[in-house]
Amino acid sequence: MPEVKNRQAVTGAQAVANAMRQINPDVVAAYPITPQTPVVEYFAQYVADGVVETEMIPVESEHSAMSAVVGAAAAGARAMTATAANGLALMHEIVYIAASSRLPIVMPVANRALSGPINIHCDHSDAMAERDSGWIQLWAENAQEAYDLTLMAIKLGEHEDVRLPVMVNFDGFIISHGVEVVDFLDDEVAKKFVGEPNPKYPLLDVENPVTYGPLDLYDYYFEHKRQQIEAMKHVKRVFKEVAEEFEKISGRKYEVLDKYMIDDAEYIMIALGSTAGTIKYTVDLLREQGHKVGVIKPWIFRPFPKKELQELLDGRKAVIVLDRAASFGAEAPLYEAVKSALYNVSSKPLIGSYVYGLGGRDIKIEHIKKAFEDAFSGDLNPDEERYLGLRE
Amino acid sequence: MALNIMQLATMFADKNPGITQGHRLCPGCAAPNVAKFALMTAQSLGYTPVVGLATGCLEVSTTIYPFTAWNVPYIHNAFENVGATISGVETAYRALAKKGRIVDPNKKYAFFAFAGDGGTYDIGLQSLSGAVERGHKFIYIVYDNEGYMNTGNQRSGSTPAGSQTTTQPVGKKLPGKVQLKKNIVEIMAGHENVYVATVSTSEPMDFFKKIEKALEFDGPAFIAAFSPCVRFWRVNDDKAVDISKLAIETGYWPLYEVERGVYRITKKVKELKPVIEFIKAQGRFRNLLKRSDADEIIGELQEYITRRWERLQILEEATKDKPIR
Amino acid sequence: MAELKNWKEIPIGGIIDKPATAKEYQTGTWRVIRPVYQPENCINCMMCWLYCPDQAIKIEVVDGKPKMRGYNYYYCKGCGLCANVCPKSNDKLPEEKRAIVMKPETDFQD
Amino acid sequence: MPAKYFEIRWHARAGQGAKSASQMLAEAALEMGKYVQSFPEYGAERTGAPMKAFNRIADVPILVHSSVESPDVVIVIDDTMLGHPDLVTGVKEDTIFIVNTTKDIEFVKEKLGISGKICVVPATDIALEEIKRGIPNTVMLGAIAKVTGAITLESAEKRIRKTFGKKFSEEIVEANIRALRRGFEEVKCNG
């Protein structure tokens, strides 16, 4: 394992901004929004101090942030932005255009509840609203992962077989503003890892003029969508390659799924983001009492790790899915996807859906225990959505 | 250097000026000429154009996959964001030039953004304003056909009072659009360090000169190009230039420029023709003319045009040799 | 029109990776009125060339000067703007004196 | 075996620097090779509004991301907040209170209405004397080092030199070190 030279206590926002500093993108266009703001502030300071060569565009809205990075990435630049919540929602239209134009933009997202009423705290409704936009979605549990995944996102998105934009999700405030211990790579190691960009069809190659964004009618639009579907199919393989390379330089191992105590687990809980850590701790507590419990946290939510989950969940007693977002009039997004994946496993586990933490509501160990206890007593109903930490 | 038509024809006799044949704009449309005039000027002065387009007629009709009627780098992103998109392209240019990647150091790049009035006066105004405020070096050209003509003549902030549109039609009860056209030139001139001008294809020399100024200006430029839509203005296919001339002669579309706050009228009209001549020449005002309150509405427009013309002359005199910065 | 390609055969991202591919597209089929060039009346002022929205005017440079050489009917949509801006083709001139005459497409066989 | 985290809760008014103090504590603990968390509770605080910040310190990576409910230590930066019920929420029998105040332990005990361990330190006064500004952070770090042992005086000193050394003069750095030491020496506890 490589020696840790640079261990710091920093906020998730600092960790992400530091990853951006090491990436040294050609262009960053960003607009501040709580709780992403410190990412932009730290990075703007790097620009002001000349420690990066990045040209920064202080745009007048998130819509323009995404529009400008689309322009910059199409031009041939390595381009990044960052956002949260309403900002991401404002970008929505162009989020799709970035993906369909196959521009490998990397965008850290400090996950926050979408209005209304307005709320600045963590939940996953912002990213979930973009889950079908054609972006790869990586999800970090803590500041360390937010840093690591931001670096890996560059290589993943820019890979020849992928060429898709990547959203790096980390929980607003909990991770973005919380101070944690992060081991940073040396600048040179990080820079070597992300490598030089290799743009495809750069607009500024004026000797070979290309046309971006034509009117694509029914005779070709479908074919272009099929290409996007295909690109997503390569993501898990490429992520594995990128993660293996990253492990060599960091000693930190990433896979499609983060698995904790699942080898003999009869009861498995699935969650995204920082809550997975609290679940791991709860698993330790319950294991001490003799319960065979474990937790799976998808590092990648889009593309959805269906096959991997099928293999791991087949034959377990129960699967409990925690969602930090609701899907009004339908099942919560992570639960829906997991449930659908379990349709054709040979031995279906019991399954239950728990929505928690909307608008930053704290998720406590007792809540997690309660959901596990429901599973222990066989009290799970696949068609019932339950709520943790809600006054009923 | 003042460009002339013979020189340009010689230069572009056997090559396309950025935009090419095979586009699917309506016969007689003014928009391709707006693009052609601008891009010919840039190239004849040694610039390499890179163009961004907002969704609209010019965009839709020139790039129907797998066909593109452009032989220069072209990007369309969405309707409301060509200002931001070209900001990104222009910024990438600076970043890549600095790092010695992709950009050819021996070329002078010129960044153009084209948008209709919908993408400029209405939905794209924020993106345009932001890009100009940030001072990106680009030339934004609105081909102003006074409505959402791409989708069949819906009202925009540029549609004049009395013009028939499908979203603010003349009805039994309501008189159609009564609001005056938004004065986009003054809005854009309100930004600092910007070159702003109006142009018309019916005055090509003035058009070329202003593009040249815009190219050489140290900052963003905004050019409003009068761009008749022969189809929805309900005039014959061959009338785009005639209508443009009438617009200038009546003072409906004054040709002027504002450079760092200094106003200059570039086409002096000794005596303005009455605006009714401009109105009567177009079918889009037919319903207005049938109304009992037509004289009132046209009278208001005439009053506005007369005052604006006077005001421009006062501004020209008052700001002469007094740039704001 | 060329045969439609499948998704593996086209560039990604909806990008058109070659310039000016629209030149293959024939817009001349839209034409209902045809401009007919009468070179004996032309003064080669280039107004038709300047205003043709479809770049359908053929130009040849002779001794450094541009000369009108008729139409590229593959593209000409027949809008008539060329005749309208032509100083030698106004309505007051008899047809045989004009440089450009607009004639119904049905008058022609090709 | 579930890991044991040492948990701290800070009470202050927005603008008094408790967030920075909690971060400095985390950094000092990091100097000792510990794993740390520091996070404030965010609302729409404006200057003067009561606020909370939290720390977790452990020998292993910290997994939990929920708020601190049963703190091992409660730090009160502003004694005008004594008596606020939030201060005693979730406290255990062995929870230690460290209060920045010029009042005595009995006064604090009465205000809090608890029977556990209470420590007092006139941190603002010390800060005024040493740093010439009423910012009690470094004094409180000294008191925490003495009372809890979660950080050492050496680790705090190292951290102060690193953090302040970048921004301030040697004089200010030394004044803060003196403030730190006085916090360590002058904190008084019952029991």
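All chains are identified by letter, namely A, B, C and D, in their written order; residue positions are counted from 1 within each chain.
Here is the rule we go by: a contact is a pair of C-beta atoms (placed from the backbone, for glycine too) under 8 Å apart; a residue touches a chain by one contact, two chains touch by 3 or more.
Since the model is a prediction, treat every value here as computed from it, not as a measurement.
Listed by label, the chains that touch chain A and also chain D number zero. Note: the chain lying farthest from chain B is D, by mean C-alpha position. When chain centres are taken as C-alpha averages, the shortest distance to the whole-protein C-alpha average belongs to A. Judged by contacting C-beta pairs, the busier of the interfaces A-C and B-C is B-C. One simple way to say how far apart two chains are is to compare their mean CA positions; for chain C and chain D this gives 82 Å. Centre to centre, using the average C-alpha position, chain B and chain D are separated by 63 Å.
Separating the centre of chain A from that of chain C, both taken as means of CA atoms, is a distance of 54 Å.
A separation of 24 Å divides the Cα centre of chain B from that of chain C. The set of chain B residues touching two or more other chains comprises 63-68, 70-72.
Chain contacts: chain A has residues 209-214, 216, 219-220 touching two or more partner chains.
In terms of inter-chain touching, the protein chains here follow a pattern that is not a line, ring, star or complete graph. By the document's touch criterion, interfaces exist between A-B, A-C, A-D, B-C. Across the complex, chain A is touched by residues 1-3, 22-23, 26-27, 29-30, 35-40, 42, 44, 61-67, 69 of chain D. Those residues of chain A lying in contact with chain C across their complex are 100-103, 163, 200-201, 208-214, 216, 219-220, 223-224, 226-227, 230-231. Within the complex, the chain A residues that touch chain B are 26-27, 29, 53-55, 57-61, 63-65, 67-77, 79, 93-94, 97, 199, 202-207, 209-217, 219-220. Here chain B touches chain A in the complex through residues 48, 50, 52, 59-60, 63-68, 70-78, 80-81, 83-89, 91-96, 98-99, 101-104, 107, 109, 126-127, 129-131, 133-134, going by the rule given at the top.
Listing the residues of chain A that touch chain D in their complex gives 7-9, 120-121, 142, 171, 173-175, 177-181, 274-275, 277-278, 280-281, 284-285, 288, 362-365.
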